[in-house]
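Quick one: the structure is below, and I'll ask about it shortly.
By letter and in written order, the chains are A, B, C and D; residue numbering begins at 1 in each of them.
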């Protein structure tokens, strides 16, 4: 942590970067910090409580500006950064990625390949919460799943915190805001909410890196992150990718294999 | 669910122009008969078929959906059907996870030469959906602004 | 509010027999936005089209729906009629009331109601249609001909003679194809090579033809008028610009026992070889699979022999790119080998031959210099049996079709045998004799009557070897199924003509359709026999189905005319069914965020990157842009676009959404 | 205004009487790991240990989505079905916090500032509020800084202050409250003279509202908005849990020849909220949208509607995915 603060202060005072995106202590847990001068670098923290996915900010031009900037990134953020590279949203020359490895050493990355090599050491596993909820859902009949999700969806009030917190939801106009035609009813209602979340899951197929930011952001506690997470897990063997290891070539859904499964096609 | 003989399922078919639409044309030219329940919407390619259209179909009252295009390797646009197939794999998986009844979506490959396959596909799908009954579970929630029973004792 | 005109066709009684067309017109007439709705006996007739044109003017229609047959049939007709009346043709749509409704349902309330729904659907679509302008694309006036047999040769020469450039690609070291292997040709018995060789030379010398032998198509991208062909020039290991074709290397090559492809395996060739003496080009290639040097790293005798140092050991395959405007497929056919027939010895009897092998035996340039001799012992066969329909017309063998050429060449073979072996006795087993064609029937009669060929109608159940003889066991169905057994010296099977090897892969490379037997599919069995379903790609010869030389040549000329017609225009007018990425006013400029998922999805590489820049030149965003020349309008990108920034003209999100909703809203 | 005492069993009896009267009762229920208002039939369903419900009680008088009117075109004629105030059922809100009850005033002020809003007023007219004074608070609570208090009775028809014996001090504050008492009059006995204040949580005042108002008057072009809003993600969580946020959107749910017009929640934090058709957005950046949120609640509403648009419930701070703590931000503005 000390090294991180020193390095951030150094980067800022030497003008290497104009911004270090990091974490500071918040009301109950750490929160994002936009550190724009070396004095503020003292506030920086980096530990296991830092779970916000800061990659969500790095596609916002008005926040990160035109200069080079740094972002402190735990593994989940690194995965998102990789995917953003794949989707042509980042510029290697503008971005400096800082992380603290398992030995407490400060690591710096600038390219997709460097991040990929580092992230490859970490396997994406279900946490306790995910395991518990997913095995509950996996044990349900179809009708029970429908009831379960309809109950959850009936609580959704479409604040779109899930979308806002997701680093991969960077569209300047979201499909729910498209009104010619109005694909998804914009008002909060059980089915309209369901449609939104099915749509979100489809948009995330092959892209989601299971950072959990969407579920964490949901103010009313819908475990929406499980939808995209389960899809990621189920589609990985199907489409031949490693969960949490975005491959540089294309997106799982916009590519195909000759022998993709088709026994469901009559 | 028991099968209901009075129930006439509403089924929409999303088909590609080059294979299945032409195949259905051949069904006509061959004067093969099939059920009137299915109505065809023409797309240039299965690759064009947006998953949201399928979702909206159920919300608006469809009891079943047919999606059909060219056999693998036969796509007029070479790979539209391969992209579609991947999308269907993912879409089925999402729907199943959410508890949507994926038995109501019938995917198929029907070539321009398979006029009789199209007739069979329609008749079989109509029979299957008839056996499943109306998709009330989905349709009834379509108009709700609040969850059913939110205002009353469930 | 829209002003849509709806025109319901009776199609004689094809539609009106099961659909209450008056009711359809009446109910549709009451729809929101429908200004005019009528029904008429034949909408596609002149008076029918006039109704449309007049209504467009009278009611100021801004959309037309014709409820008639399949749009695949008459969409162009009605769009043209609208255009003539001053309405943008893309504001006209067709509801398929015939193929998708009246013909597939019985007369009933439901059938009429379905018809109403189908028309409604198109009315809702047309409300969202936008006027579109056709797209003009330039035409590259150069043709690619794939296959250098007689079909490819003829097509190349015909195109070249209209003044357009031709690239001719041949897989083998020489052009000539199967025709160069034939001895004499029916029904005139003129020597095949004598009539073919001049054409081969003409190809080689034609200023408009560029010939690539020992080459294969690697890939084809693009679309009619604008293809990009990648051609693999297989390493010949001989430098053709210096090689004089003296043939000394061939003389000295120590590897002499390779079965000759040209002689259908009956003769041998060397590892460095020219397939046949009249080959074009008449220069050798090294068969790397069999060459000692490539196999074992030592030999190089040919190099020592070569006076001009033309051997290139390290030459690698080269891939060149040619831009062409049209493609003619002339890849020909193949015949089944004797090994395909367990009942005829599985290819283990040396004296059971295919028809093609017999051609080589009968050919003056063949391994026996035209004498009919048994491959096993070199003896002249005194008794010979020809079996027609070996494989063909046999669903059990997976070849239910007639190979078309066998009846004629079998008659020719028997005739040639009788001419060469005067005391010989020939028998032909046949199912039917199909001798349709000018002078064909007469030719067969001559074989039977003048050359005393014994024709037996019946199938041969078995052929087996016994004491140096081939026992042929069959039946004579004309004699009431009487068993026939012949002790023959040689048996010739008229094996089925099949699609050339690799034709399926080639079809997939070219995106053309093919039939279950891997013959390429014509666009229409009657009216478009030389076109494929892919615009700009044409068919010539036996790659479409087995056919004889005159038919092949005719088809090749036909394909050439299609190409010439295409090349007679500088520009090609294309349907504007293409994808478009939205462009908006600042500050958004476009809702496309440049993730380029569409780029990976596009089968045509039609997605380009565009940097949207502000007035000061600073980059605002990277967005996708569609190259309208390359886009073929599949719409795969549209369904992938998360922000719905890309849409396809003619099948826009608004249009298809309106269609689907119309079917469900009561 | 009358003060009474009710015993623990009396509360149960009274609650049952309210349910039996046919009114629908909303009360905080603990489910899915969250406490939120839901229809209840038994007192035992009502949640006990919690500081604050995730969502405010706003939805009872301003539903997430509501049909303004519906229509159908038959034979060229349009049949219109307007919102019917009579369709709103009599509703009792049980165990509302004073900060929620206080939210009805700013909410109504917005819905009636130019024209009167039929829907909102119909809901309000049919709603009776039984609030419970607060004996606990957390670091997000600040009602005392915005003219409220843990025992504030504004907006309540009845307020209960729970006593250690399980009974409660009952303040009957309005005719609606009296009507509720009348459902089971016998359980209400004479006030025992307990001081209500003794049972309220002590919540110090964190900022001076006058001071904040004065600062905001000059703050439109301040850099504070950008500084504070950098981490804001632009979602609508704060607005949707807020008891006073009233922004809405009007949407058409049209299918063929019939349809309905729907009013649903919207939020000024959304980029789309002020986006013009032309593509121009007067509040293009999140900082501008954050400024709007604060100024609207703490400056525009006091100025134009004479009511503060914040009740200090702290829900927005708790709901925010990135800890946009309103108390912290307002305090820092006050100190500038």
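Miscellaneous remarks
By our rule, contacts are C-beta pairs under 8 Å (C-beta built on N, C-alpha and C of every residue); 3 or more make two chains touch, one makes a residue touch a chain.
All of these numbers come straight from a predicted model, not from anything done at the bench.
Considering the contact criterion stated above, the chains in touch with subunit C and with subunit D alike are A, B. More inter-chain C-beta contacts link the pair A-B than the other of A-B and A-C.
Closest to the middle of the protein, by Cα centroid, lies chain B. If you average the CA atoms of subunit A and of subunit D, the two centres end up 32 Å from each other.
With centres set at the average Cα position, the gap from subunit A to subunit C is 49 Å.
Distance between chain centres (mean CA atoms), subunit B to subunit D: 45 Å.
Across the assembly, subunit D contributes 64-65, 255, 262 as residues in contact with two or more other chains. Along subunit A, residues 175, 183, 187, 189, 253-255 each make contact with two or more other chains.
The multi-chain contact residues of subunit C, meaning those touching 2 or more other chains, are 588, 601, 640, 653, 657, 661, 664-665.
Interchain contacts join each chain to each other chain, per the touch definition above. Residue ranges on subunit D touching subunit C, taken from their complex, read 73, 255-257, 278-281, 284. Listed in rising order, the residues of subunit B touching subunit A in the complex are 51-52, 55-56, 59, 72-73, 79, 82-83, 85-101, 106-109, 121, 124, 137-138, 141-142, 144-148, 150. The touching residues of subunit A, when paired with subunit C in their complex, are 87-89, 170-175, 178, 180-181, 183, 203, 249-251, 253-255.
Considering their complex, residues 26-29, 31-34, 52, 56-57, 62-63, 152, 155, 157-161, 163-165, 177, 185-189, 213, 216-217, 219-221 of subunit A touch subunit D. Residues of subunit D touching subunit B in their complex: 24, 39, 41, 63-67, 89, 255, 262.
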